[in-house]
Amino acid sequence: MKSNKSKVLHNLLFKPLIFHVYDAVVKSDFDEIITVLGTKNIEEAGPILEERGSKIVLQELGNGKPYGTGYAVKLAKDFISEDDSLMVLYGDTPLIDEEVIRDFANFHNENYSDITVLSAVLDDPKDYGRIVRENGEFSEIVEKKELVPGKSYSNEVNSGIYFFSGKAFLNTIDLINDNNSKKEYMITDTIKLAKDMGFKVSAFVSENPEIILGVNDREDLYLCEKALVKRENKRRMIDGVTIHNPEVTMIAPEVEIDSDVEIFGECRIYGNSKIEAGTIVKSSNICNTKIGKNCTILNSYLEDSEIRDNVSFGPFSRLRPGAVIGECAHIGNFVEVKNSNFGAGSKAGHLAYIGDADVGKNVNVSCGVIFCNYDGKKKHRTKVGNNAFIGSNVNLVAPVELDDNSFAAAGSTITSKVYEDELAIERSKQKNIKDWVRKKGLHKED
Amino acid sequence: MKSNKSKVLHNLLFKPLIFHVYDAVVKSDFDEIITVLGTKNIEEAGPILEERGSKIVLQELGNGKPYGTGYAVKLAKDFISEDDSLMVLYGDTPLIDEEVIRDFANFHNENYSDITVLSAVLDDPKDYGRIVRENGEFSEIVEKKELVPGKSYSNEVNSGIYFFSGKAFLNTIDLINDNNSKKEYMITDTIKLAKDMGFKVSAFVSENPEIILGVNDREDLYLCEKALVKRENKRRMIDGVTIHNPEVTMIAPEVEIDSDVEIFGECRIYGNSKIEAGTIVKSSNICNTKIGKNCTILNSYLEDSEIRDNVSFGPFSRLRPGAVIGECAHIGNFVEVKNSNFGAGSKAGHLAYIGDADVGKNVNVSCGVIFCNYDGKKKHRTKVGNNAFIGSNVNLVAPVELDDNSFAAAGSTITSKVYEDELAIERSKQKNIKDWVRKKGLHKED
Amino acid sequence: MKSNKSKVLHNLLFKPLIFHVYDAVVKSDFDEIITVLGTKNIEEAGPILEERGSKIVLQELGNGKPYGTGYAVKLAKDFISEDDSLMVLYGDTPLIDEEVIRDFANFHNENYSDITVLSAVLDDPKDYGRIVRENGEFSEIVEKKELVPGKSYSNEVNSGIYFFSGKAFLNTIDLINDNNSKKEYMITDTIKLAKDMGFKVSAFVSENPEIILGVNDREDLYLCEKALVKRENKRRMIDGVTIHNPEVTMIAPEVEIDSDVEIFGECRIYGNSKIEAGTIVKSSNICNTKIGKNCTILNSYLEDSEIRDNVSFGPFSRLRPGAVIGECAHIGNFVEVKNSNFGAGSKAGHLAYIGDADVGKNVNVSCGVIFCNYDGKKKHRTKVGNNAFIGSNVNLVAPVELDDNSFAAAGSTITSKVYEDELAIERSKQKNIKDWVRKKGLHKED
C-alpha cells in the first residue's frame, strides 16, 4: 500500500477494510470471533475489535518471525476444539457478505465436509490457485506456478477462505511448514494434508465472484470500492431510490434511504444518516445527518445534524454538528448553522452564520446576519423568539435574547435584550458629503 | 418503481419518460396522437398531453379490470378507421426518436406491409421475444418461454412497437383475449392472427438497439438515462463542444450549445438554456439561463437568468430568477444576484447579495454589500447609478437610490438617497480603549 | 474540431495536445527538435516552441498548396544529413511517451534498421493501415482500402510514427508525390520506396496500444484524455495515493503527490502543484498550489497559493493568487484569501475576505470580517499582529494596522491604528423603540 497506515485500516466506502469483514461475520451469528492482528494493527484496531466482542491474538511480525496466513491461523489454535467449526476469513478481502457466509456454511454442513473451500468462477483467473474437480467433486487446488502447460483448467479459483471442522483443522495445522520458496506458512497446505488423511474436502462456488477481490495496493482498493458502490447503489435503485449518477454517488451500506428519494451527482452519504421519501439531493456531502420528507438539499455539506420535513436547503450551505433545522424552514446559499435549533418556518436565505442559538418559529434571519457566539474566551448562546425579524448584516452578540416579535434594524450590533414588539437599532445618522467623490478624484465619466 | 409517482412521469434527463416518446412522435408528423392513460397518469399527465394536442383515453385499472397492452390499445379502437395507419408506442420506452420512427414508417409503407414489427439485434436477448425469419422474411415471434430447447435463434428481438394498417388492426384487435397464464391482453397476439388471415407482416431492424430499452425499475431508469446522456454528449462533441467528463455532464437535448464551448466536470444544463462560443463552464448547474460568449462560469448554480458576453462568474456563486449580468461584468465568489440588472463592467467580487436592484455600469459592489430588499412586509427595489462605489459591508435599505458617481462608505447602512458625487457615510467615531484586552484577561503571550 | 482554435492547441489534461508530444520528445534527449507548423499554429505555438528550443518550419496551407504529412516532413529536409536519424511524430497523437520513444529508438538501432515503423496491436483495427509480416519480419503496410477481400490480416496496425536513418529519408522523401485520390503527399509512401531500394524496414510493436490514439474531433479528444487520466491515476494509486473516484479526478502528470494522500470526488489538480503526505482532498480545484502535510481540503477552489502543514480548509472556500496559509491555521466556509500571509494557528471560520494583508499568528478573524483593500483608486495592505481578535462583521479599512493582542469589537469599521491591548470600537448606542413592531403592523400571532 506504500502507506504509514496498516493495510486493513484503509477505508473502503467510509469503513476500514477489516470492519467490512468483521461486520459480515457478526451478522452471521458465529459463537466466537478471533482476530489475529500484527503489532501495528493490534494497536490501532485491537481495542475496537475487543470492545466489539472479538478475541484478539497477536502475531508478532519482523525479521526471523514465522510468516504467512497458515501461521496466523495457527496462533488461534488454543481457542479451537475438535467439536468446533472454524471459518477462516481475511481482513483484506472486504467484499464478503453475510449471505455468502451463510450459504457457504450451510453447504459445508449439509455436505458433511471436513473442509470446504470457498471458490468463485472468474473470467480471468489471474494468479489465483485453480480448483480441480473430478466428477464434479473437489479434487485439489493447483497454484499458478504448478499449472501443467498444455493442460486445460477450469476458471474456478480458490478464494483462500475455508471452513474447517475443528478436527480437520487441529489434525493438519501443526503439520504445515515454511519450507518453500516464499518461506511462508501457507494455510492452503492443510487441504492436501487433510485429503491425504481421509478428511472430506469440498468446494463451494460463490455466485458472486467479486467476493474474492482482495486488496494489495490502492488500485485494488479502488476496484473493491467501485464493486461495492455498484452493488449497493443497484440494491437501492431496485428498492426505489432514483440515483442519476451511481458511478459518483457513494452511500455507506448502513445509511437508510426511503423510496422516492432522488439523488443527483457526486454525493457522499455516510455515518448514521437517513433520508426520507420525496427528498431531492444534489451534489452533497451528508454525514451523520437525518433528513426528513420532501426536502431539497443542493450542493451542501452536512455533518451531525438534523433537517426536518419540507426544508429547502442550499446551494452552498453547511451544517456543522448539532444543527436542527425545523419543518418548512428555508436555508439558502452561503449559510452555516452550528449547534443551533432553527425553528419551523424560519428563513435564513443568504450569507449568514447561526451558531449556538435557539431560533424560534417563523423568524426572518436576513442576509449577512451573524450570531457572534465567541468573545475571545468562550462561546455563549443566543435566543431569538418566534416571528422575530433580524435585519441585514446585524450582529447578535451572545449572550443576548430577542423576544417574540422583536425587530433588529439592518446594520445594528445588538448587545442587550430586545423585548416583544421592540425595534432595536444601533446606528448613526447617515451623512452625505457633497462633491466628495469629485474632490477625491474618483468621479468617472462614462 | 416502488414509487408514489406513476412510472411514466419519472424524469429521464430532466423530462418525464412519457414526454420523450410524445416529443419524438410530435416531431414525426402523425395526423393524430392518442394517449391511453391509467387513472393516476390521466390525472397527472392528461391535461398537459391534451393541451399539447393528444386525444386522451382512460384505461381503468384495478381488480377485475381487463389488463395488458392489447387491452389498452383496443381502447383507442374508435379513433381508427380501415384506411388509417396506427403506430403503437409505449410511454416507458423512452429512447425511441423521430429518426427511427420515420425509417420504421417508411419501411412499412415501402413494403406494403399490413403490420410491421420494430426489432433490434441485441448482444444479450434477455427476456425479449425473438423474431424468426424464413428466407429473410418475417415468420413469427417466439416468446422466451416458448423457445424450443436445442434450437438456435437469432438475436433479433421484438421491441413491442408495431405499425398497423387500420384494416389489420381492426380485424385482429377484438380477437385477442386474456386467456393466458398472465391474464393479460397481449397485443403481440394480433401478429399471429393477422398472419393467419393473410395479412403481410414484416419486421424492421432498428440500427440503434438502445431504442428497445424500457423502464421497469430505477436501475432501468438509470441505464436509459446513461444511454441518452452518452448519445447526446457524443453528438455535441462531434458538433464542436469540448466535454471533459461526459459521464457526469448531463445536458438536456433542447439546450443550445455553440462550438468552442468547454465543459468540465459535473454539470447539469437544462431548460431553456443556451451557451455561446468561447465560454468555459466548470461544475455548474444551469437551468433556463442564457450565457453569452467568452464567459467563465465556475462551480455555480444558475436559474432563470441571463449572463451576457465576457463575464467571469464564480466560483460558488448563484443566480436566482430574473438576474441579468451585463457584458464584461465580474461576479466573484459567494455572491447571489436575484431579480436584478447588473450593468456592464460592474463588479461584485465577494460575499454580496444583490436583490431587486438596477445596478448601472462600472459600479463597484464591494465585499459584504447587501441590498436589503425586504422590510418584513414587502420587497422594494434599489437603484444604483453608473460608476458608483459601494463600500464593504454596506447595507442599501430599499427603496433607496444612489446616483451616478456616488460613494457609500464601508460599514454604512444607507437609507436615503445619495446624489451624484456625494459620499454617504453612516458611522460613529472609532474609540480605542487602552489596556482593555489585558484587563479582560484576553492578552496572550506567544 | 469545428473550432476557431488550431487542433493541436486544444487542451488535453490541462496542456495543449502538441506539448504532450513535445515534452515526451524533450525527455527523450534528441539532439534537435524540428516542428513543422501551419500558418495558424505557427502564430500561436511557434514562439513558445522556439523558446523551448525547437527549430520551427512553416508549412503554408491553403488552396493549391501541397498537402499531407509527407510534404510537411519534407519541409524539414534541409535540417537532416545522411548521418542523422529522424523520428517523425505528430502533434495530434498525444499519448506517446518517452518510454515508448526510447524503446522504439533502441529497437531501431539494435536492428540496424533504415526505417522502423511504430505499430500497435488493436482489438479493432478500424481504418488504420495493417502491418503485414513474413516470417515475423516486416513486409509491407496495406491501407484499409487495399485490403484483399477474403484474405486475413493481423491486427497489427501502423501508428504513422517512423524512425528513419538520414540516408533512407533523404533518398525517398523527394520521390513521393500527391498523385493519388486524396491529392496528398503521404509519408507512408517512403516505406515502399525504401524497401524497393534495398533499405531495411522493420516494425516495432508498442506494448501500449493507446499511444496510437489520435485526435480528429472532440470525441477523440475526450477518449485520449480519458486514457491518459486512467494511466496517470493508476500510476499514482500504485505509488500510494488513494483516489476514490479516478474517473472524475483529473491530475496533471507534473503534479507531485505524496503517498498517503487521499482524494475524493471530482478534483482537478494541475500546474505547479504539490500535495504532501496525510492530506485529504475532496472535490476541489487546485491550480499552482502547494499543500503541506495532514491538511484537509474540502470542496474548495485554490489558485497560485500555498497551504502549510495541518491546515483545515473549506468547504466552499477559495484562495486567489498569493495566499499563504500558515501551519495549523483554520479556514472554514465561504472564506476568500488573496495576496495575503495568514499566520500559523490563525482562524477565519466563516464568511470572511482577507485581501492584501499580513495576518500574524493565532489571530481570530471572526465571521463576516472584511479586509477593505480598495478605496476606489488603488489597493492597500492591512497588518494584523499576533493574538489579535477581530470581531464579527468588522471592516478593516486599509491601509491600517492592528498590533499584537489588539481587539476590534463586532460591527466596527476600523480606519485607524489599534495599539497593543486596545479595544477599538466604532459603534453607536443601541436604542430599543417600544411597540414599534406592533405600530408598523409587523406583529404576527403564531
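Letters are used for the chains, namely A, B and C, taken in the order the chains are written, and counting of residues starts over at 1 for each.
Going forward, a contact is a pair of C-beta atoms (placed from the backbone, for glycine too) under 8 Å apart; a residue touches a chain by one contact, two chains touch by 3 or more.
Note that this is a predicted model, so its numbers are computed, not measured.
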{"item": "Copy pair subunit B, subunit C: interface residue numbering same or different (half cut)", "value": "different"}
{"item": "Relative orientation of copies subunit A and subunit C, as a Cα rotation angle in degrees, nearest 5", "value": "120"}
{"item": "Separation of mean Cα positions, subunit C and subunit B [Å, integer]", "value": "32"}
{"item": "Residues of subunit B touching at least two other chains", "value": "247-248, 266, 316, 334, 351, 368, 376, 389, 393, 407, 427-428, 440, 442"}
{"item": "Subunit A residues within the subunit B interface of the complex", "value": "234, 237-248, 259-260, 262, 264-266, 277-278, 282-283, 298-299, 315-316, 332-334, 350-351, 364, 366-368, 376-377, 389, 391-393, 407, 409-411, 427-438, 440, 442-444, 446"}
{"item": "Residues of subunit A touching subunit C in the complex", "value": "1-5, 10-11, 217-219, 221-222, 225, 247-248, 250, 266, 268, 285, 301, 316, 318, 334, 336, 351, 353, 355, 361-362, 368, 370, 372, 374, 376, 386-387, 389, 393, 395, 397, 405-407, 412-416, 418-428, 440-442"}
